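Next up: the structures, one after another.
Here come two complexes built around subunit A, the first alongside subunit B, the second alongside subunit C.
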Partner chain A sequence: MMNTIPRIGQLYSLQVVKHLVILIAMLLATIVHGQNSPLTIISNPKGCPTEMKESELKSIFLGERQRWRTGDKIQVALMKTNTSIGKNTCGRMYNMTEDELKKYWLALVFQGKAEAPAFFNTVGELQNFVSENPGAIGIIDQSPTVSGIQVVSIDGKQTL
Partner chain B sequence: MYVTLKAKIWLPVLTIVFLFSFFTMFYFPNREGKMLLNNYNNEVQNLASTVALGVKIALKEQNYEGIQTAMEFVKENSGFLFVNLIQIDTLWDNEHVHFNLRESVFIAYPVKSKYPAEMVSNDSILIKRAPIQAPLLSGDVQLGFSTEEINENMKNVRRTSLMASGGILIVGLILGLLMARNISIPVRALRDAALRVGQGDLNQTIKKFPKDEIGDLSKAFNHMVQDLSKARSQLLQANEKLSQTNNLLESALDDLKSTQAQLIHSEKMASLGELTAGIAHEIQNPLNFVNNFSEVNSELIDEMQDEIKSGNFEEAVKLSRQIKENQEKVNFHGKRADGIVKGMLLHSRSNRGEKEPTDINALADEYLRLAYHGLRAKDKTFNATIKTEFDESIGKINIIPQDIGRVLLNLITNAFYAVSTPKPSAPKSPEGDFKTPDGVFIPTVIVSTKRFKSPSGDIGAEIRVSDNGPGIPDTIKDKIFQPFFTTKPTGQGTGLGLSLSYDIIKAHGGEIKVETKEGEGTTFIVILPA
Partner chain C sequence: MINPHLILAQKTEIKGFIDVRTWYDKEKEKLSFGLGEQDLFITSTLSDRFSFLGETVFKYDASSTTKFSVSIERIVLKYNVGGNHNILLGKHHTPLNYWNDTYHHGRLFFPTIDRPLLFSSEIIPIHTTGIDFQGHDLGSLRFGYDLMFGNGLASDDVVDNDAHKSITAAVHIKPANNLRIGASFYNDIISAGSTVHGEVHPHQVDQHQYSASIAYFGKKFELLTEGALVTNKTDSTGTKQTISTYIYGGYKLNEKLTLYFRLDQQQFEEGEVYFHPDDATLLLLGSRCQINYLTVVKLEYQYKEDQPGGEDSPARFQNLITAQVAIGF
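Moving on to the complex of A and B:
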């Protein structure tokens, strides 16, 4: 009996370790997956075209353009940089760190060069914003789940 | 110090106007300027703080609407020059012991503005800073505003104040002028009119009546002058009447004085008459003796001549002895009459109205007898008992003998009159005497003298004239020394006897008083100083 207990303990700890490793691996995979998940550009049907080039998209998200061709004001909607989508967007769209992006937009707005973008904590909030504001364009990591939103294809692709 | 009404009006008006002007020209703009500047400072500071807050929120929460709104608000201000987002870095030395702070402009708006981070406020630019503490950025928002507008505002305030103070000054001067004219002119008119009224001109009237209290005063003044004029006319008329009445009164007074003098003269004449009657009676007595004995001697001489012719010489010698005796009596009574006349002559000659040492006892005795004989001369039925009680130790007193004699004569005469008046309780008997319930009434007059020592120690004389007449009632006792007061029937007395006596005694520095009791008698007391 006394010999059995240490064996049982050994078996138990091994199992735990195994589960932990699996869990960590899954988490990392999720993170990596999150970071590298494709981004979908959504927009309000009023103003924004259904497709554009990536350079144009970047120009819009860098605040270099203020209005659509229709004349509607462009309203940029982004996920906050402390979200996975936000981090993905910083790297993929802006090639900046989160802090750099904050400072970038601060400088633009401070100097009046661009309208202040709207940052959101959840995708739902972002989608609702885009749906309710003509000229709004945003970046999420999934297909839109809210009506009144269109997906903008970039260089013929539905995702980035 | 005389200050005109105009000056009194101008002084406060000018003081107020100048004070107000000073306030408006200096104090108010100064204060306003400071307030404007202060408000501007606060406004700019608030803007800087708002921008700083917006930056902080933007960096922390990624909410850029705040900073966008703040910047739009800042840019709307007309005085806005620039806003710098200043980053403050801490630079440590190699040993990480000492550090420096380095300020650099992280972002600026307008983009091309060249305002350095170390810039501070001056006369033309107001710089305000607000700190930013965020994880990404530590520094300040530096906000620069032009003071041109505020300076311009302050100039406008000063200009407006100057104009306002000038306007106030002008308005104040005009108001002062109007007030001075509206008040001082009518008041001066009133003053001038009042002065002329005071000098006697009651034809003054104020013709202009301003519609205020001065107008009311002017109307009241006119009424007053009219009333004064009427009153003066009435006074003049009354004065005229008074003057006439005065003339009448003066005339009446002259008449009264004349009558008084006549009455006094009459009184004196009456007393003189009594004196004369007394004197005449005195002389009559010895003269009677002279006449009688002379007649007897004349008869005896005839008898003696007859006896001599008949050779009866013894009888003639007896007759001659009788004649001699009678002749001695004639001589005696003749000398008596001579003495009486000489005494009266001496009395009249010595009367110069001056005081002289006089035997008061002798004077009293003399006038008692004169009075008694005088009354007896008028009325043969008059009879009274006279008694004298003289204090021989009195000696002589300085008096005017005739005056005091007149007083004594008056008092004694009054006493004799009183005792000749029947007492109510004493009906006349068939024999003519008065009978009192306890017996026959014997009219008695007593004249007494006594040495008198005053409280101050002076020696004088007290003379008392007493009678047992009916006495003086209390109701008239206080009036007896009043001029013209008399209880005698009309025509029997002037009423001046006691009044004159009172004056004579007072002139001698003495005193006269009366003690009386109804039904018992009266005593007049004269006190004379030495």
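Moving on to the complex of A and C:
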């Protein structure tokens, strides 16, 4: 008996460790996927063109343009910087850390030069905002699942 | 009944900024603690084209019975004409070059603890109440402009003291990311008998300011330099020149920590009657730690040498070590 109890204990521990490893791997995969997955630019069909250059896109997301050529006001929609898409957006769109991005926008608003973007917790909320607001443009990491949204191609590509 | 669409259309945000500091004055051999300004900042989107910005500062004021006073620093009603062209009405920070148009009162954003001498010596007209025609990020060079007409110096926030209007014209380009090059011009006529900065000026002063700036805030290096040439002309003293410049350089050791220096110099021509002549050189060496986007800690050594009474007066020296915590909330 004295010999079997530790064996059962060892087996049990092994199972727990296995599950933990799988869980951590899944978590890491989700994070890595979120941070490196292709980004899709979506917009409300009113105002935003269906295609544009990457330089033009960056200028819009930096708050350098107030209106589309149609005259509609540009409204930038971003995922919060603590989400995996938000982190991905900071690095790939802005080449900034999360704190740098938040300070960049705070400074711009404080100078009276731009209106702050709308930040969202979920892709669903962001899509709803874009579909409901003419001139809105946002970044997600999947094809849109809400009607009233168009995908904006950047330099001829559907994703960034 | 309140129309719910009107509530949705008006998006109002309130932010605040404050700083606290401690400093050691070597000449006076004492350590002090002090409060900075508490800055209340409000923005509101009123409609598709109208927006509002307000900045109110609560600060120490020895002349007040409560030892604190409230001042309206900015009230700006902005109307977007089209594209990136706007008309701004109200009390503004005069868009003269970089610092005055960028940092305002939020110490959180300052690269150093305090403003350069160019601003703290009251050479630059910090505020103007009037109308500004503004454009930004136009074309491939991201050209920007401001053309402002205001009440001018010696006026208060509600009425002009004379018929003269101040004129500010400023242009800038942003030819590369994080780089901004600008130039500006300011003209005002201060009427005889006007009170400016607490002093009565018996003669009319015709003031011209010419200034230029280069700002680069990159991932590793930071550079900000501005210079202003000011001429004040009166019938009795003729034209007197004042030159004030500063250069700031920063090196980011990592994402959080930046080492920096700033060198300020200002020189007043003999016989200057409008400014308080105070030839000065100031050197700062410091470090800035960005704890997060709403908290910054700065530690600075400052050496200042000046002659507050003009060229013939004895020189004054100041050695300060200052630590400041600035936050946004």
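The criterion applied here is as follows: the second predicted complex is superposed on the first by the 160 of 160 C-alpha atoms of A that agree within 3 Å, B and C clash if a C-alpha of one lies under 4 Å from a C-alpha of the other, contacts with A are read in each partner's own complex, and residues count from 1 in each chain.
The rule is simple: a residue touches a chain if its C-beta (ideal position, glycine included) is under 8 Å from a C-beta of that chain, and two chains touch if they have at least 3 such contacts.
This one's a predicted model, so the numbers in the text were calculated from it and none came from an experiment.
Student: Please determine, from the superposition on subunit A, whether subunit B and subunit C clash or fit.
Tutor: In the superposition, subunit B runs into subunit C.
Student: One more residue to check, A:L106. First (subunit B), second (subunit C), both or neither?
Tutor: It touches subunit B and subunit C both.
Student: Counting touched residues of subunit A, say whether subunit B or subunit C comes out ahead.
Tutor: Residues of subunit A touched, subunit B against subunit C: more for C.
Student: Who does A:G71 touch here: subunit B (first), subunit C (second), both, or neither?
Tutor: second
Student: According to the stated criteria, A:G156 is in contact with first (subunit B), second (subunit C), both, or neither; which is it?
Tutor: Touch partners of A:G156: none, neither subunit B nor subunit C.
Student: Given the touch rule stated above, what does A:S59 touch, subunit B (first), subunit C (second), both, or neither?
Tutor: The second partner, subunit C, only.
Student: So, A:K80: does it touch subunit B (first), subunit C (second), both, or neither?
Tutor: So A:K80 only meets subunit B here.
Student: If we overlay the two complexes on their shared chain A, which of subunit B and subunit C does A:F119 touch? Say first, second, both or neither.
Tutor: It touches subunit B, and subunit C stays clear.
Student: Considering only the listed stretches 219-227, 273-281 or 291-299 of subunit C, which one runs into subunit B in the superposition?
Tutor: In the superposed model, subunit C runs into subunit B at 291-299.
Student: If I apply the document's touch criterion, which positions on subunit A are contacted by subunit B in one structure and by subunit C in the other?
Tutor: 99, 102-103, 106-107, 109-112, 115-116
Student: Sort out for me which residues of subunit C touch subunit A in the complex.
Tutor: For subunit C paired with subunit A, touching residues are 13, 15, 41, 43, 45, 48-49, 51, 53, 74, 76, 78, 80, 82-84, 86, 88, 101-102, 104, 106, 109, 136-137, 142, 255, 290, 292-293, 328.
Student: Which residues, counting only subunit A, touch subunit B once they are in their complex?
Tutor: Its residues touching subunit B are 80-81, 99, 102-103, 105-107, 109-112, 115-117, 119.
Student: Going by the contact rule set out above, which residues of subunit B touch subunit A in the complex?
Tutor: By the definition above, subunit B touches subunit A via 55, 58-59, 62-65, 67-68, 71-72, 75, 83, 85, 106-109, 111, 136-137.
Student: Which stretch or stretches of subunit A touch subunit C in the complex?
Tutor: By the definition above, subunit A touches subunit C via 59, 64-67, 71, 73, 97, 99-100, 102-103, 106-107, 109-113, 115-116.
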